[in-house]
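Common to both upcoming complexes is chain A, partnered first by chain B, then by chain C.
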Partner chain A sequence: MSAGLSPSRPWRRRLDGMLSGISGAVVVLAFLFLLVPLGITGLMAFDSRSYLGPLPPPSFSLQWFERFLSDPYLMQGLRTSLMVSTTAVLIAAAAGVATALFLNRVSPRWSELLTAFFVSPLIVPPVVIGFALLLFLSQVGIVEGFVRLVCGHLILTIPYTIRATLASLAGVDRTLLEAASSLGANERRVFWEITFPLARTGIVAGAIFAFAISMDDVAVSMFLTDATSYTLPVALVSNMRANFDLTIAAASMLLVLFTILLIVVLDRLVGVDRVMGQGLHPA
Partner chain B sequence: MLEVRNVTKHFGATVAADAVSFTVAQGEIVSLLGPSGCGKTTTLRLIAGFERPDSGEIRIGGRDVTGTRPYERNVGLLFQHYALFPHMTVRDNVAYGLRHRGWPKAEIPDRVSAMLGLVKLQGLDARLPAKLSGGQQQRVALARALATEPAVVLLDEPLSALDAKLRHELRVEIKEILRSVGSTTIIVTHDQEEAMGMAARIIVMEKGRIRQVGSPDDIYWRPGNRFVAGFVGRSNWFVGRAAGAGGGSPTLSTLTTEDGFELRVAAPNGRAGAIYDVGIRPERLEIVSPGAAPAADETLIVGTVLDVSPLGAERHIVLRLPAGGQLTVIQPNRAAAAPGTGETVTVRARAADWMVLPREGESSGV
Partner chain C sequence: MMKPSRSGMLALPGAALYAALFLLPMVALGIESLRLFTPGRVGAAPDAPFTLLNYAELLEPGFRRFFFTTLRVSFVTTVVGLAIAFPLAYRIVRSFSSRWRAIAIGGLVTFIFLSAVVKTYAVELSLGSVGPVAPLLRAVGLSANNSTYIEFVVGAGLLQFIIPIAALTLIGSIQNLDPRLVEAAQSLGAPTWKSHLSTTLPLSVQGLLAAFLLSFTFAISAFVVPMILGKGRVQFLSNMIYNRFSEVANYPSGAAISLVTLVVCFATIYLVTRLVTARAQARGEG
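So, the complex of A and B:
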């Protein structure tokens, strides 16, 4: 009797084989599902035809990129996007550092509660944020599009800068701060000479990530634009409604390229997972 | 130089320091010794200013510093994990305190070189800490801590992150440097060897309280209580009841153990019937030839060899006593043959070598 060992049941082994085959297939499908639309967009961006024709394009050109770059409406959107995101991220980074520093000093219970509160915009639907903010800002009399956009993008970016700063502050060894203060440095000097330099890369990484998030936003920005202040993604959406052509494909490719560039820089700095990952509960 | 007066610190419901008082004289090296959680680290943090006492007073150089910030005290610190600033070179690390303590700018480079010379690290001043070994890092930390001529130097488990051999070397070296500089020093450690090797005076702590203050020899040979005796070194313990003065000698008395075994010890001050903890260090026991007659101040104990461990310099022999207990004997590991397992041996203990402590919780007076 060989109880327990069951060499006489080949169907079990076959079932195991089937299961791993199925999970492999699912991975391939998911991969295709994620990448094929992007691939098609990339291909179409270089289409030399002047209309939306069937795949594959018979020949390639850069005409859609030229059109995008010479379109005053879209270029205005790009300018606004860059300005809104830069302004928002700079403020968000400063606010994130200040908030994270405060959270780092209060008792762990309060800190956890407040962190959850500050990071909560991440789970509120952007449409709700956009609408609520539009309502609030018009109530208090702020109607200028640029200011409204910056406000909206602050809400979008602050959670990321707070998270990143908390994670990088947690990475600074407390005994270093004690050593510095025993050597005669007061609290402000300890912060500027020890804490900040050691946490800086993490803070910058958080800001870059927040910038990428801000550049890509449509849902919140949609509510906050006006006739002259609109972001590039919003411009692309409305352009698509008016006349559907492949300028969007070219613009999308440039956005993707830009985001990839940012992520690469980010990864070089600290590693992406540190910013996207468990920032709420720094190890 | 340093006075700690009646300092108490609670963390929640636990008392980390309970009415701790001691003073350290100018140039003295004192150790706070105890198991983890005994309050030694809290005491150090209170002196450094990282914690504020609930009550009590801390004075450095005659000045009351109880309520002041760490940077307002002239205290140098050495941390277990060095705590060098990783983004600064060795030079900038050592210069850090000098810059903040207001040394004239022109003098700082010379002072830094002198300090690096003191810890024998000349030529490494442009390195980052990560490029140094653990021992080198701790030397840089020592140079950094001593550079500003602190009134008090606090060492927090300074060697426990290093491996055993390096630990010994660096201990001797640090002690030498501290003595040459004339630093008033407190070493916090759980390692009795570190405490006894570096400090002239040891303060043993347990559960936030000071249990004994004394020289390394006092602590080892004349422990004030069972805790100190048990924490420092090894010993064999019995419980004995005093038979009263007598045995023909005014300086000797006899304690009877629970098993009816009679020990001849130097006379304790208790009355007849009082109960004592009696202990003896294993290296004070001597294996003698069987059948020897005991002198008046000697006790002979017979036991069976249970285990012999030759541990290099010394040999540990564990005996089983007829009544069931065990007795450890430590001999120098010399050529003389070790007894074999199962052999019956006779061990001699001298009266003066017994540590006789009143049973805790039973006052010997009333």
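So, the complex of A and C:
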């Protein structure tokens, strides 16, 4: 304590300088660590060589993008992905809104307990969910790949749609609902004319978030694919294991664009801060 | 406000989906893990006798190695990730201008959303046997197929996820810190490093624990990163579950490993949550 009273001692100043120097260096290195691999991928995606050569590419071309977009295997995966994710998210959003409305109505004690139950799939490793679903669906005789994938993506996304709807319902002023029903509106009308319009943005943002989660899944989908129904990430991963070429670099750059677009839309809708709060915390 | 029967109707779709796609599959998983497996079959026979053999097998050194590799790599990577994320979050909150702070946070959020396949591929392209680092490795006499190096690459892959997750969690908790506390400590004569040690760090422990929980549970359940970057040399529990399914169709063993993985996740969540509440109580009393 007594030593702390003389701040001008040179070694201590040096220590302070070192601390801020180290933290500054960590910041720079962290951003480099995150961005350089992406930059290398971006550079290689435009490589004009037909093989995987050392950096930097001698000249640039769009051949890998053309290859990606004309690859029947990957394009089939993209189509399946879009269909599976859209189907799953539409069902998950509808069921999520109903469930959240229910949770909003029961007593707080029950609501807390049931909410914990409904978000609990998020703390189960996705591989375990995928494997459990595979076992169960085989036992009850559901073998169609597309149906299996939709089932997997449903349980993957519902927790997010429930949580997003709960968050938006919390922002709806209850006195408005009471006013409407005291003026004679029935439950259905109160929901469609007051609750839904006020919570809509949050619900849509939750659905977009769920769509992003679904489009990115590998661990659950790996167990539920068959020869014709497989998603794009699964196709990319098996290509990556088989032959390491640059088609995936081109696909990666398109996925980066897709992600940036998604963030811009979500930011406009609800703000990046809220997206962050919903995405990070599983429980 | 609403008749109970109508509320019940609202619960129906969610309850049905969770029963069919979550609860029953988990029960099926538990039962399968207790069935005797006959090699050559796909999964256990529906009337196979019950046994604990699938769990007993996991005590063998061969499996224990996978178990400890998963825990060790996940733990080391999480600790390194927090050591990087903490100064990163602190600088973003305290020294960035509001414009750059918004850009940095937006960038981190985008990075979390970025496809796992993309992040994994980018690491493989940069640090793998075809990347710009490989010639440097060869120059110092190391092979990119060296298992220590592969473990390092898997760790680097996991950090691509852990750094943004941990940094964003910590940004939230550092934003709630009162900067005047550090200033007060400094104005009382403590040097900067000491004021951080006595104010910033202890007050950020809750945030650090939350970041640890998210990062560590992410790492132990990671699938794509060890599958691609581990090249079969470094494998996690998730990869074992998948191999039991795809290579030998030994579903009972895969089910037993799944339950072990689940127990590890739950135990981590339980322990860290206990720590958080214990700290909160201690502070409430003190």
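The working rule: the second predicted complex is superposed on the first by the 267 of 283 C-alpha atoms of A that agree within 3 Å, B and C clash if a C-alpha of one lies under 4 Å from a C-alpha of the other, contacts with A are read in each partner's own complex, and residues count from 1 in each chain.
Just so we're on the same page, a contact is a pair of C-beta atoms (placed from the backbone, for glycine too) under 8 Å apart; a residue touches a chain by one contact, two chains touch by 3 or more.
If you're wondering where the values come from, they're calculated on a predicted model, not measured in any experiment.
Chemist: In the overlay, answer first, second, both or neither for which of chain B and chain C A:198 touches.
Modeler: In the superposed model, A:198 contacts chain B only, not chain C.
Chemist: Between chain B and chain C, whom does A:181 touch in the aligned arrangement: first, second, both, or neither?
Modeler: It touches chain B and chain C both.
Chemist: In the superposed arrangement, does chain B or chain C reach more residues of chain A?
Modeler: Answer, by number of touched residues of chain A: C.
Chemist: Check whether A:267 is in contact with chain B, with chain C, with both or with neither, and answer first, second, both or neither.
Modeler: second
Chemist: Would you sort A:173 into first (chain B), second (chain C), both or neither based on which partner it touches?
Modeler: first
Chemist: Quick check for you: in the superposed arrangement, does A:102 touch first (chain B), second (chain C), both or neither?
Modeler: Second partner only, chain C.
Chemist: Where does A:20 make contact in the superposed view: on chain B (first), on chain C (second), on both, or on neither?
Modeler: Touch status of A:20: second partner only.
Chemist: Pick one for A:76: touches chain B only (first), chain C only (second), both, or neither.
Modeler: neither
Chemist: By the touch definition above, which chain A residues appear in both interfaces, chain B in one complex and chain C in the other?
Modeler: In chain A, residues 181 are touched by chain B and also by chain C.
Chemist: Which residues of chain C touch chain A once you look at their complex with the stated criterion?
Modeler: 1-2, 6-7, 10-14, 17-18, 20-22, 24-26, 28-29, 32, 43, 84-85, 87-88, 90-92, 105-106, 109-128, 130-132, 135, 156, 159-160, 163-165, 167-169, 186, 188-194, 196, 210, 214, 217, 220-221, 223-224, 227-228, 238, 241-242, 245, 251, 254-255, 258, 261-262, 265-266, 269
Chemist: Which bits of chain A are touching chain C when the two form their complex?
Modeler: Interface residues on chain A, with respect to chain C: 4-7, 12-13, 15-16, 19-20, 22-24, 26-27, 29-30, 33-34, 36-38, 40-41, 44, 52, 54-55, 94-96, 98-99, 101-102, 105-106, 117-118, 121, 123-129, 131-139, 151-152, 154-155, 158, 162, 177, 181, 187, 212, 215-216, 218-219, 222-223, 233, 236-237, 240-241, 244, 248-249, 252, 255-256, 259-260, 262-263, 267, 272-273, 275-276, 279-283.
Chemist: Provide the residue numbers of chain B that touch chain A in the complex, in ascending order.
Modeler: 48-50, 69-71, 73, 75-77, 79, 81, 83-87, 96-97, 100-102, 141, 144, 148
Chemist: Spell out the residues on chain A that touch chain B in their complex, using ranges where they run on.
Modeler: The contact residues of chain A facing chain B are 173, 175-176, 178-186, 189, 194, 197-198.
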